[in-house]
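Common to both upcoming complexes is chain A, partnered first by chain B, then by chain C.
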Partner chain A sequence: MSAAGNTGRALPWALVTPALGWTLLFFVLPFVAMGFSSLTAHDGGGFTLSNYSQFFANPAYWQAMVNSLQVTAIVTVISVLLAYPFAWILAEQVPERWQRLALMLAVLPFWTSYVVRSYSWLLVLAQNGVINRALTGSGLFSEPVQLANTRLATIIGFVHFFVMLLTLTIFANLKQLSPSYRKAAADLGAGPVRTFLHIVLPLTLPGIMVGAFLTFVLCIGDYITPQILGGNNELLMPQLVMMQIGRRGDFPLASALSIILMAVVTIAYLACARWLKIERA
Partner chain B sequence: MLRQHCCWRWGALAQAADLNALIWCDHADPALLQPFEEANGVKVNVKEFEGTGAGMAIVEQSQPGDWDVMVIDSIDIPRGVEKGLFEPLPEDKLPLADLFPQVKMDSSTVVEGKRYGITEKFGYNTIGYNKTKVDPADMQSLAALTSDKYKGKIAIYDYYLPVIGMAALAIGKKTTELTEADLPAIKDELLKMKANAKLVGEVTASQTALATGEVDILVGGGEWVTAGLAKENPALDFSIPREGAVLWSQSLAMFKDSKNKELALKFIQYIMSPEGQARLATSSCYWGMPANTKAALTDEQKKILRFDEQPDFLARAQPYPAPNADLDKKMQDVWTEMLQAQ
Partner chain C sequence: MRALVRIFSWLYAVAVYGFIFLPVVVLVLFSLQATSFPIPPFTGPSLRWYDAVLADTRLTSALLNSLLVAALSSAVAVTLGFLSAWGFARFALPGSALLRGLITLPLTVSYLIIGMGLLVLFNWAGIPKSLLAAGIGHVVINLPLCFAIIYSQMGDHQINIERAARDLGAPEWKVLLLITVPVMAPAIFAGFFLSMTFSWDEFVISFLLTRFDTTLPVEIWNLLRSGLNPKTNAVGSLVFAVSIVLVVLFELMLLRRKPA
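Here is the complex of A and B:
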């Protein structure tokens, strides 16, 4: 009994140890090292809070956070608005036997390199790109419009990627939804719109929130897309972090900026926490 | 990076006699490395980096002896010496007498009487342009960069030191005499350039923008942008304006803890030889002027690089700004403000 009890207690720990070890090694330890670095001076001096105070004192640094939050919010909202109907069409309108193929086609952009995809968008949006040629060729515009190297280009690049991610999470949520909910609503006299607003949408909210949170986290920490498509006409937080490393190798300031960015992500997590539980309430 | 480092270490252990080089992309060209490898029966393992800070970080994360040679901005050699990384080079075994005198950069490459680096390649951060789209006469003055005539036609190379140097030249300051007091006027000049610019891009982005016609002028461009594209796009050119241009130069240094110092010196000698210099100057990554006047370039290559005009160019060029750590930080902050300005 005692041996069996010990085994019973040890087994969960044995199962969870690899994951704990992984988290400790690849998250907790690097995070502690980064925190320690953020509290040291670049010139090798001792303890300092100056790396944090610089962020709050320099409007150009603040602006990077504001830009990041604005871009991330816009991308998340647009991606949700595009992904939901897309996922709904896939889950509800496409015949079951075609769904797998349709889903595979939907996530096709994931198969290409992120960098290549961003440069492809640059070519599409460039002055001599497909869109500008169509606009000037059709006579709608006499001169090419500046699309590449703008915030709009960054948002387009992000949305293209994250719509696919959100489609997957919302699709999975919609497929889990039992058809009996809708039948019961119809029996009680609810029309399609009312059923959607009062039954389907609230029940798929966890899927939306999980996808939106993932979009928020991945978008706010992304360096590649704004660097390639944004033309550096404004800086986002990841670009500001990278800037500290390039020539000056100012890892303490880069660490402090990264930790501030992580704090913002944590706040976003706490705001979404009630929808991010695995089990449905 | 950790994973790459892991794998690289495995390779290094497998072939301890190899040369391990921390390089810029121009040294990764097989046309440059293969002749050395074949002549010496060794393999040159390379790791590319951008920016001295990133390079120093790789060194700090490595074991002493992991690296044999490093390519570095000439002005940053004292940083490596201060960290105790570099080995003095034997001047009598290097072709110092054949170098363009202006690019020897002894104020940076020689520390306390010992030579720690040798300039291998140089060029100018100046005005790169498409001569079929702009008036070449306008490109003889930095004032064109802030003129309404070229609004929206300009890209700015995203590296604060050379472009701040150009802004300093535009307002009549010498790049070697910049102080914190000059920064407000430099910032104003940068903001005027930004107001005219379509984008601020790193090497690939700014080069692509000029090559594809997205912009007609590249602030900070030079032969390193236009020469490599000369065959595909002969309309690209560069000028050394009346106010001057900023001279960039890259050097080779040997690590103090190198386990293959003899091979490392051979590599430096090869790169500095007329043949090595020609291959480095015309590397597939980017072209630049060879530091050695005897580089074995063809007449066509010399014409593209404007080799014969170098004495005049060098006379008008000013050194890369070499600020101390405090001013460097303030310059980067000015650059950040320029990037954020709308």
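Here is the complex of A and C:
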């Protein structure tokens, strides 16, 4: 490379240092600060592990993690099961020239703000909302059903968002499959069902895993959907973290809870990464 | 058999589209009625709540704040992302893979935790809550995205024309401005557009790091405290409309670019 002599060494570092510096200063350093904070007591004093021991000792805190893991697992499974057939229909049954439009249409409702989207589900699920009016109006139920401020509402709000996300990733996966695989299977005498089960599904599995992992990470860290739709009847981890900051200004405990939440995501990542590697071999 | 699959596919697709569209349809429909609760039965069209939104200075100033934070933080993120992507693509730097990993690391951490970290740091350093603080957080979440998009698009083709320009005597800054930036324009534009969308919609970091002057999602959140409120419907529908216009413009620009 003919890079000029004196700029040769300085230029590359001048290019990458601003981005690295920003990341170190506003991402790594905050994380270190959070780590230190989590090891101090709320009311002053020196080093303590009490914020972490509180999490393991207090069943209410522990329960929030259990709730988060349960909701995230349910949401991930339902979203994959709903999105896969939908992505398959878009990729296989819809004519090629309509596919782009069909996808854009599926994404359209998500162009409102994320906060507003959760609120919209509240309109649908509220005591006097659309569903309850339809149920009582049609005479099926005499009393409105409690739908808002339940775990079910949180799950519906999440599934709504992640079905869209997973449809996009699975659709992309299905389109990447070369049609020759399917032709080869058909030539060798496999029917459409066997072709799907033995060729298409296994080949799209790594893509599903990536999408499912993305769902897991985004879902377990989200504060908006459970706060708006689930309410405070049952707390998830992000709600518990925000509660420490909002009501009590307890930064050390909030830091400790955030770090525990992040540790769980990291463990999931490591488990998932290993699984994906085995899949590839 | 095939006909059965088709019928079932149609039913399934219609059901999923129905599920996806249900809340948005309800949102927009009940933003258009004059009653003070956005609930059935629908009582006929009225723009009363849109007037109320546009007359609400807290909402309109939050909207301007959001645009400002989104534009500035995206400009910073795309600039830093582009420069570092160029640096890593053109020069063999020691520890390159590790450093690139560091830049993309924030992608794996949830916004809540990034916001918490900045809150603790700023609190400790005595930096007050402000739009600037939220903007710094938005650069943290968007820089890795811009970097990844632009870095992945830098290939041999672009390195070859840069080399040709340098052989013809162009100084380094001219290569950057006249060759690299125009060649990379689609990736730069995509990075900027995505950053704008994420910043525009970001709630939790802004919620943690701003106080009085705040962004639109936080102001909408404050409206939610009053429960079901037709004003929230109207704001939501407006955001929806603006986003759709932007997406359609983006699509048109992409389509126009393609034949060239």
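The working rule: the second predicted complex is superposed on the first by the 246 of 281 C-alpha atoms of A that agree within 3 Å, B and C clash if a C-alpha of one lies under 4 Å from a C-alpha of the other, contacts with A are read in each partner's own complex, and residues count from 1 in each chain.
Just so it is clear, contacts are C-beta pairs under 8 Å (C-beta built on N, C-alpha and C of every residue); 3 or more make two chains touch, one makes a residue touch a chain.
All values reported here derive from a predicted model rather than from experimental measurement.
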If we overlay the two complexes on their shared chain A, which of chain B and chain C does A:D43 touch? Say first, second, both or neither. first
Name the contact category of A:V265: first (chain B only), second (chain C only), both, or neither. second
Which partner chains sit in contact with A:M243 here, chain B, chain C, both or neither? Use first/second/both/neither. first
Between chain B (first) and chain C (second), which, if any, makes contact with A:V210: first, second, both or neither? neither
Hey, is it chain B or chain C that touches more of chain A? C
Is A:A60 touching anything from chain B or chain C once the two structures are fitted on A? First, second, both or neither. first
If we overlay the two complexes on their shared chain A, which of chain B and chain C does A:A126 touch? Say first, second, both or neither. both
Looking at A:V115, would you say it contacts chain B, chain C, both, or neither? Reply first, second, both or neither. second
With both complexes overlaid on chain A, does A:Q93 touch chain B (first), chain C (second), both or neither? second
Is A:A19 in contact with chain B, with chain C, with both, or with neither (first, second, both, neither)? second
Identify the residues of chain A that lie in both the chain B contact region and the chain C contact region. 122, 126, 128, 228, 245, 251
Sites on chain A touched by chain C in the complex: 1-4, 7, 11-16, 18-20, 22-24, 26-31, 33-34, 37, 82, 85-86, 89-90, 93-94, 104-106, 108-109, 111-117, 119-124, 126, 128-130, 133, 160, 163-164, 217-218, 220-224, 228, 238, 241-242, 245, 251, 254-255, 258, 261-262, 265, 269
Give the list of chain B residues in touch with chain A in this complex. 50-54, 56-57, 152, 158-161, 197-202, 205, 208-209, 212-214, 325, 328-329, 332-333, 336-337, 339-340, 342
Sites on chain C touched by chain A in the complex: 5-6, 9, 12-13, 16-17, 19-24, 26-27, 30, 37-41, 80-81, 83-84, 86-88, 90-91, 93, 99, 102-103, 105-106, 108-114, 116-121, 123-124, 136-137, 139-140, 143-144, 147, 163, 166-167, 172, 200-201, 203-204, 208, 216-217, 220-221, 224, 228, 232-233, 235-237, 239-240, 243-244, 247, 251
Mind listing the chain A positions that touch chain B in their complex? 42-43, 58-61, 63-64, 67, 122, 126-128, 146, 148-149, 227-228, 231-235, 240, 243, 245-251
